[in-house]
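Scrolling down, you'll hit the structures one after another.
Shared between the two complexes below is chain A, which has chain B as its partner in the first and chain C in the second.
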Partner chain A sequence: MAFTQLIVNGLIAGAIYALIASSFSLIFNIIKFMDLSPGAIFVTAAFSAYAFNIILGLPFPIAVILALIVSITVSLLINKLVYQPLINKKSNSFTLLLASFGVFLIVTGFILLIFGAEVKTFGLPITKGYEVLGFIITKTQIILIITSFIIFIALHLFMKKTKLGKAMRAMSDNKQVASIVGIDVKKITNITFILAAFLASIAGILVALEQNLEHNMGFLVILKGLTASVIGGIGNVPAALIGGLIIGLVENIGIWYLPSGYKDAIAFVILIIFLIFRPKGLFGTKTREENSG
Partner chain B sequence: MERKINTSRVVGTLVILIAIVAIIVGCTAQSGNNNSDSNEEIKLGWLGPLSGDAAAYGEPLQQVVNLAVEEINNNGGIKGKKLKVIFEDGKCEGKEALSATQKLINIDGVKIILGGTCSGETLGAAPAAEQNKVILFSAGSGSPDITKSGDYVFRNFPSDATSGSKVAKAAIDNKHKKIAILAEQTEYAQAVKNVFKTTLTNSGGSVVIDESYASDGNDYRTQITKIKAANPDAIYVVAQTPAKYGLALKQIRELGVNQQIYTNEFAAAGDILKDYSKEVEGAIYAVPYFNENEQKSKELLDKLKAKYGKLSGALPPVYLATQYDAVYLLSESIEKCDLNTDCIKTELYKVKNREGATGTLTIDQNGDAVFEYVLKKIVNGKESEA
Partner chain C sequence: MIEAYLIHLLILVGIYAILALSLNLAMGNTGLLNVGHVAFYAVGAYTSALLTLNLHFPFWIAIIIAGIFAALFGLIIAIPTIRLRGDYLAIATLGSAIVVENVLRNWTSLTRGPLGLPGIPKPVFFGMQISGLGYLVLVIVFAAITYFIINHITKSPYGRVLKAIREDEVAAASLGKNVRKYKTQALVISAFFAGIAGSLYAHYISFIDPGTFGILESILIISMIIIGGLASTRGAIIGALILILLPEPLRFLPIPSFAIGAIRQIIYAALLVLILIKRPQGIFGEFTKKENGT
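Right after this comes the complex of A and B.
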């Protein structure tokens, strides 16, 4: 009985890690640096949804749409105002990584400034979850898992079947060639940021519903999301899903046997093992050098 | 070459960006204290959490300090000099608190620090304070370890050793002998938990499972699954902040764990009673003795409500009162001793039956406040006698 519960616990955590990991991977795919801003977007979306729904009293679906608009705009602005000028100056990926960390700190600082430090919740009623097959799951958690899986299937189809998705993959393979064959690099970059922000925002809103809102809620998400995307194979979007689920499942099953203080350590031990023995991740095929070289 | 110049420019820009954040955070941290333009001022350091989850109670405590300082300065200050507080963020961690303390001592040159707030902060700051003969006066740290942490370290807050032991005895009295523990991985929570555990096992009870969670984690479902499988008579929950406390309560009840909850005083924090009243109903906990209806206590709470609109929901009100009393107590000692810390130290050890917003304060030979935790229970969403 407990075991099925552990699997479900792992799935709930993993679904969130997977969403955020795929946000990281999407951006890495196109602009080839580890952008931490999905952590900032995650927080922005959660707090915007809270502001529209709870503070301004708008109906939840409208609040979600407005929150998505806000966070996607923020993401595009971050790209336009911070990353593009740096990329134009041919800054290396480490500089960009640092800049994205700065962006994360600034956004977190603003959220603290505007909303204060006290904890906020959407105030959904707390009830015992449904008991099925020996495990317990709440309605919010079912919605969380289903939403993320639907988004994953949609994202996968988008990348494989649509012209835009194909253009994104072409650009990921080789930017110069892509622009020579007539792919609008700027447009694709923006679309990538929109998609990545969408994924991070959905994760932020789902976590806000399931847990609560704190201005520093993005930090752990960055760590786990990055870990998941490295394990899956960085730059590989469907693999991020697998990476997220692996982390979610292993850390939850792991602390069944180990003291729970090791929970985060478990995730990072897996990360280290992957970095040593399979640095390209489970499904990774290309490294950055091979790509740009 | 070209690339190098760009990189340094970029790093420079980054430093500026980070500086902007620091200034923004710094401004919120220090707002309300720039009203003194006199050179004749007495500087008091303050150490507490102003970022992270625990900022939820760092901020209201800062408001209390600002209120007290404003009152003191409006009444002529200390011997005509204005009192000025320099707020530093201890982030609820020992390491951060130590560097903040070093900054306060070495750069700002303060002789007295009001803080830390979290026990980890006070314990982290204590060695630096002791070494520099700086008074460290905590108005909110409960860890039993602080009792022995130094001659210059004081508090007007009780050691929460009695919190853990009283709650453990209550569990035994209620025939709850097999207890499961869920405690946050912080100095405070672990220290209280250890006292609870020792008292429980010495009184014939047993801890069937002892689980913990990291302060930055939000998902305790597997810990709770383990607790459920251990089938305890009751659960003992100790959190460091209301944020995590609420989440723990939510996840406990969602996973269908319905046993009696024993806990710490956050059960009575306004935010918990507002958002998690159903989950916390019936919880038994200990809180430092505080009577909201006593004249001085009521006066303070009314003043805070009038000035800031409402009382903070992040903490039980006793924390606001100890913070307020601490500012007055320290300014009274400065009045007597100027900034001679050896003199202040001696004065503080002499404090006996001092009336304040918290009630009556006596400081013992260890620099600890002599007042006790009392058992309470949440009944119908309100704090009641246990």
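Right after this comes the complex of A and C.
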């Protein structure tokens, strides 16, 4: 395989990790805990799109909209039933992290129960990829990269320019002060979960077009998203993009030197190295102490 | 038949009790959020299996070396990560457990990768092979020793230092306690017993593969000590008992095995979430400050 091909594969994987990383970062910054549930939302969206499009035979755009509705609803339910009671009891962030792990297992357990264990695929006709500069890229992959970059720009503009985005950043800085100046904390919390679920769902649907669907496909993705977020600097969304691309590139270029089975290990070795030497990430501003507590 | 099945379940309860007791020392007593406990269990199981299979070590020596290897591995993990706080330690240990599983899967010349290691010999005691009821007695002996040692540690002045570190690291350090040293020791002791449990599991089931040591196992062990109550030695054992026996009736329902796996996963996770929301101190929890305070 050509080296340029590995770079392209890295960019494709990186775009997905970056979407998940920004979903994770949003919740971490605004609600202040490490939430693994974007991994579950990712799988929910992928399987819902599959169910609406392939099993029920609805047209693809409608299936995508319905899948987004399903997964965002699931995310809001998780927040209402699990996270809010814990936050109201002032549980520490580890309790929330553990609860989110539980939520992840419950959701993927139900998906396994509903859809069964066999691998599923959208079965898009396999098209011959375009060959440019020694690498091959398919139409789906081009759509994947373009969609994710459009979403990133939109997210960035939303956070910087709109009133809601500003309110979210205010709440990220200081929840109490934000509520004093009249920001509806509950509403912003829900919007954060909607936005995070939207990002994770888009990632799930894009991956579903590309790869096989498995109920446990969300676990490594959320952990790599988390890693990307730590590498970029857990504090901000553009950093999550860079972090995602770095993880995608490093693990794909890494298998140029290592047996491909070690692909998943590479990301976590990088995670551990970053946690030890630069826990605030490449672009992070917060110190470790402030984040963990 | 039914007796053999009960013995099998109790052996598993015993092995998980050792895992829960050992994790409790690091997590419940010292406050180290170790999500990668399964890595120590895996190192112990593979060490013991490889020593007996390839080098024909007797079980009794292999199990001790398994504990020592797991402890050494705990030290290797502790040196860089022990200074991380809270959630950052949690994700670092989670990452290290995934790396361990990945290495077991890919280092095929040693571990046979996904094919696993079959035919791990049963222990032999004065010329007699130990299995069935005998193995249950063996596991109970090891679990009792673990219980005794860990109970002793937690009740001693040393254990009080560990709890002090859990409650307030800065205060403990200001009283001249070397916080990092204590934390490292707690993790190493915890890893040692997890290695022993790994060896007991390997020689009981006689087959291990990387899939046995997935991250779900770690969550299972964490659920056990949270349900039993963090820092409660009695709770760790009750937690192991509840979580191993609870999903067993599913086995007798006429449903496909993937569905059993799915329902088991949902039960474990739902119970964990429920306990976290309704009774974060667990059944025998001794303290509530940490959950409700910081």
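List of remarks:
Methods note: the second predicted complex is superposed on the first by the 284 of 293 C-alpha atoms of A that agree within 3 Å, B and C clash if a C-alpha of one lies under 4 Å from a C-alpha of the other, contacts with A are read in each partner's own complex, and residues count from 1 in each chain.
Everything that follows uses one rule, which is that a contact is a pair of C-beta atoms (placed from the backbone, for glycine too) under 8 Å apart; a residue touches a chain by one contact, two chains touch by 3 or more.
Bear in mind the structure is a predicted one, so any value in this text is a computation, not a measurement.
After superposition onto chain A, the modelled positions of chain B and chain C overlap sterically. In the superposition on chain A, contact of A:S229 is made with neither chain B nor chain C. When both complexes are overlaid on chain A, the residue A:S93 reaches chain C alone and has no touch with chain B.
Shared-chain residue A:T44: touches no atom of chain B or chain C. Contact with chain B, but none with chain C, is seen for A:A2 once the two complexes are overlaid on the shared chain.
Judged by the touch definition given at the top, the superposed model places A:L105 against both chain B and chain C.
In the superposition on chain A, A:S22 contacts neither chain B nor chain C. Look at A:P279: by the touch rule set out above, it reaches chain C but stays clear of chain B.
After overlaying the two complexes on the shared chain, residue contacts for A:Q211 are found with chain B alone; chain C is out of touch. Shared-chain residue A:A13: touches chain B; no touch with chain C.
Remark: of the candidate stretches 44-52, 62-70 or 278-286 in chain C, the one overlapping chain B after superposition on chain A is 278-286. Touching of chain A by both chain B and chain C, each in its own complex, is seen for residues 86, 89-92, 95, 98-99, 102-103, 105-106, 109-110, 112-113, 116-117, 219-220, 259, 261, 264. Interface of chain B with chain A (complex): residues 3, 6-7, 9-11, 13-14, 17-18, 20-21, 24-25, 28, 50-53, 55-56, 58-59, 185, 211-214, 216-219, 221-223, 225-226, 228-229, 241-243, 246-247, 250, 253-256, 271, 275-276, 278-279, 312-314.
Chain C makes touch with chain A in their complex at residues 33, 80-81, 84-88, 90-92, 94-96, 98-99, 102-103, 105-106, 113, 215-216, 219, 222, 226, 258-259, 261-263, 265-266, 268-270, 272-273, 276-277, 280, 290-294. Residues 33-34, 82, 85-86, 89-95, 97-99, 101-106, 108-110, 112-113, 116-117, 219-220, 223, 226-227, 230, 259, 261-262, 264-265, 268-269, 271-272, 275-276, 279, 288-289, 291-293 of chain A are the ones that touch chain C when the two sit in their complex. Within the complex, the chain A residues that touch chain B are 2, 5-6, 9, 12-13, 86, 89-92, 95, 98-99, 102-103, 105-106, 109-110, 112-113, 116-119, 121, 123, 126-129, 131, 136, 138, 207, 211-212, 214, 216-217, 219-220, 252, 255-256, 259-261, 263-264.
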